[in-house]
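Quick one: the structure is below, and I'll ask about it shortly.
Per-chain numbering from 1; labels A, B and C assigned in written order.
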Amino acid sequence: MTTGLPQDVTTARPEDVTTGPRQDVTSGRPRDVTSRPSEARTAARPAAPRPALEVTGLDVHYGRGRGRRRALAGVSLSVAPGETVGVIGETGSGKSTLARTVLGLVRPSAGSVRVGGEDVTRYGNRRWRALRRRGVVQYVFQDPLRSLDPDLTIEDSLIEPLLIQGRGRAEATARARSLLDRVRLHDDLLERMPSELSGGQRQRIAVARALMTGPELVLLDEPVSALDSANRVQVLEILKELGAAGTALVLISHDLGSVAGTADRIAVLHHGALVETGAARDVVNRPAHPYTRLLVGSAPTLRTASADRARREALRALLNT
Amino acid sequence: MTPRSPSSAPERTPAAAAAPTAPPKVPPVLSVRDVRIGDRAGHREVVHGVSFGLTPGKAVGVVGESGSGKTLTCRAVLGILPRHFEITGGSVEIAGTDITTLTPSRWTELRGATISAVFQDPASYLNPSIRVGAQIAEVLRVKTGLKRRQARHRAVELLRAVRLRDPALVYGQYPHELSGGMLQRVLIATAVAAGPRVLIADEATTALDVTVQAEILDLLDELREESGLALVVVSHDLAVVAQICDEVLVMRQGEVVEQGPAHEVLHHPRHPYTRLLVAEHEQYGLDRFLDPTEASS
Amino acid sequence: MPRVLALTSGRIAVAVLAVIALLALLGPWLAPQDPLATSDHVLAAASGSHWLGTDHLGRDVFSRLLDGSRVSVLGSLEVALVALVVGAIPGILSVYLGRVFEWVTLRLADTLVALPFLLFAVAVIALLGNGLAQAMFVTGALVSPLFYRVARAATLSVARSPYVEAALVAGASTGWIVRRHVRVKVLPPLAVALAQTIGVGFVIVSSLTFLGIGVQPPAPTWGGLLASDLGYLGQRPWGPVAPALLIMVTVWACNLLADAIRDVSGEAGRALADDREARAARPGTNRPVSAGGTR
């Protein structure tokens, strides 16, 4: 049983259509901000690493007939191995839909999804199951309270992905222990039930669970929003270590602040479309799109700035027209 | 423990006096003095003395993690403590009335008309099967004795006042048709329907998206400026409180560990816990990534 | 379900049902006299030789009750088990086997609910011949929509939960999900339904045997005893009390057990049971007044 994904040379593509120079969406002019992966790619074009995730022109619709509603519109995004990309979006922006489409839980109506170089857009149930079983992509759910089966011990929840792969229980438990260590939890938690754990502990268990199969890509849906600040800091630290260790991460969040320090790049989703993509520091400090500007201007900071109110008002007016 | 002495409060009185609407010595609309709350079953004190005063148009913030006693304090002020808790010491005065003298019927009169509140989960405070407008109109008819038609008119006005884009449309909608931010606006409209002088916002923006949270905070700030509404903003997030409050109380395990003007508590925190809160925010908040130029522009 | 035993109500229910089950197993040997032997002591009152008196043919009522318990217990068990198998399995599968299966089974369940079951049972027996096994099988099938719905509802709520989706994302098959996640969630409500149905089963067996369906006259059954005693109310007014009481206590115990299972299942229930156990284990602590079978 192999855990790694076989290198698929035929799908490695020399050019990256999605991460070019940053576009100023409002004016349509390219902005002269190069993001880290595109730099890497220009530096070593011949042996360009195949992206861990490549989404191109993704359209997703929900419902049918007159109730048909577009959830994603032409979303393109690429995540290099070891890169952490933050996807920022608020309720109804389509951020969860994006994750679910990448995982094959939602079928796109246009565009393509490549996971580890493999075009999974047209995969049927069987091929999806085979792909998932290899454990290349993992998902950490939004709600740490409900993403663990309340009737299973922590150990049983943790080892499930490996058991599904057909591995032995002893091997799986050993790996679970080492991962608990990695997420800074004591391994006496293994025998506990989820209800005995705090929210922060559960979320770290959920992260450990996603790492069981040694994935190349982990999507995390609001990994820290349900946590208090102390746990938040700790989980983000763990994620940073993960990224440094070479795992590609997609952090989906409504909160720019919690992602800005962890992500290399940030993509901003608004009403199902990516309005801005760029290096984290640039997006935060020089937001181009009015929505991003509003997002930055709305984040509560300790610098009391009541003058911002008028500016926010103006941006809201601009976005509503 | 280094609770700031109340002596820091007088520093701010000149500022209040400078405001054109406020006479030099405005009587507080809410004054909480050394309020203690005990658990009847366990015979132990869970809130160990909270004091603050609130004059019209001012905002006081209460920060603390869950279980710090901030919500219990609010509930005590509103006279809606859970059954097994009771006020064991101190006093609360709402617009000059000591709440211990209030009969249940006087309480009912006071709540809504003088003091009002909004909470974290707006959807659970609205009846899902009644149009939101009708629910506001009902509050108006009960609290202010308006006739049906006047109440309807006033409800639409209130929905407009909380910056809902199409108030007449929202009036006829059911709660499930509205987003979380819109529902919170509706609840704020309901809360201010009878023209209260104090509004308690207990984690009112916690469940909302950042931009929506800012909208709600801006709205509260506007209401405060325009109508002199006094605010008690309760949150676990120091930064939320920092946005609109003049004075901040930091609570931990039922104790006020630090209290003082917002800018002082935030920028020169004395108690280790406050420092921890500030440090944590600086670690995960947006502050660290913002260039100084951007913040001041 | 050892947690059921943490509750007083659970213990009482299990104890009563254990006694009934023992009666059913050992009844024929325990019976002091031959339940079919007639005598001249017709309609006698309770006495040392006939603990519950005799019936209109002079047969010992106590022996007949003991002997009849086997039929009642087996019959009600058959009803419940048939209902469980016929109902629960399609109930779980209806969530996973696609729309056609779902539609067909849902309509079938509705149809079965709509049939008046005693009448239907009588009709089927007229076709298949008189036998308790047949009668109970038919009854079981008619009660099965309850299990279908319970199993389906529990499965539906689990199927939408994030942890099932997490397993799906980890590549789990439907079979895996049902075995590992769904089964545990569906069992407690099914156990509740089962306990209730066994109770209902007693009533049904008794009603059918009361009507003379399923068991031929000389063989004793609780329902049959009740029926024959009713005919002699004038001479033996206390006659129906013993069989009626027995049916009542059994059904009550089944319902009590169902309540106890419901109380201890799920998150809250687990905490409740653990709490009770902890209290019981800690001597000297005050038990709350409501420590009995309250919910």
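Rule of thumb we're sticking to: a contact is a pair of C-beta atoms (placed from the backbone, for glycine too) under 8 Å apart; a residue touches a chain by one contact, two chains touch by 3 or more.
Small disclaimer: the values here were computed from a predicted structure and weren't measured.
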item: Chain labels contacting subunit A and also subunit C; value: none
item: Top chain pair, ranked by how many C-beta pairs fall in contact; value: A-B
item: Centroid-based (C-alpha) most distant chain relative to subunit A; value: C
item: Innermost chain, taking as reference the mean of every protein Cα atom displayed; value: A
item: Whole-Å separation of chain centres (CA-atom averages), subunit A against subunit C; value: 51
item: Interchain centroid distance [CA atoms averaged], subunit B/subunit C, Å; value: 56
item: Between subunit A and subunit B, centroid-to-centroid distance (C-alpha), Å; value: 35
item: Residues of subunit A that touch subunit B when the two form their complex; value: 90-92, 224, 228-230, 232-233, 236, 254-258, 260-261, 280-281, 284-286, 294-306, 309, 312-313, 316, 320
item: Subunit C residues touching subunit A - in the complex, by the definition given at the top; value: 161-163, 165-173, 176, 180-181, 184-185, 267, 270-271
item: For the subunit B and subunit A complex, residues of the former touching the latter; value: 65-66, 165, 179-180, 209-215, 217-218, 221-222, 236-240, 242-244, 262-263, 266-267, 277-278, 280-291, 294-295
item: Residues on subunit A engaged by subunit C in the complex (per definition of touch); value: 103, 105, 129-135, 137-139, 141-143, 146-152, 157, 160-161, 164-165, 195, 209, 213
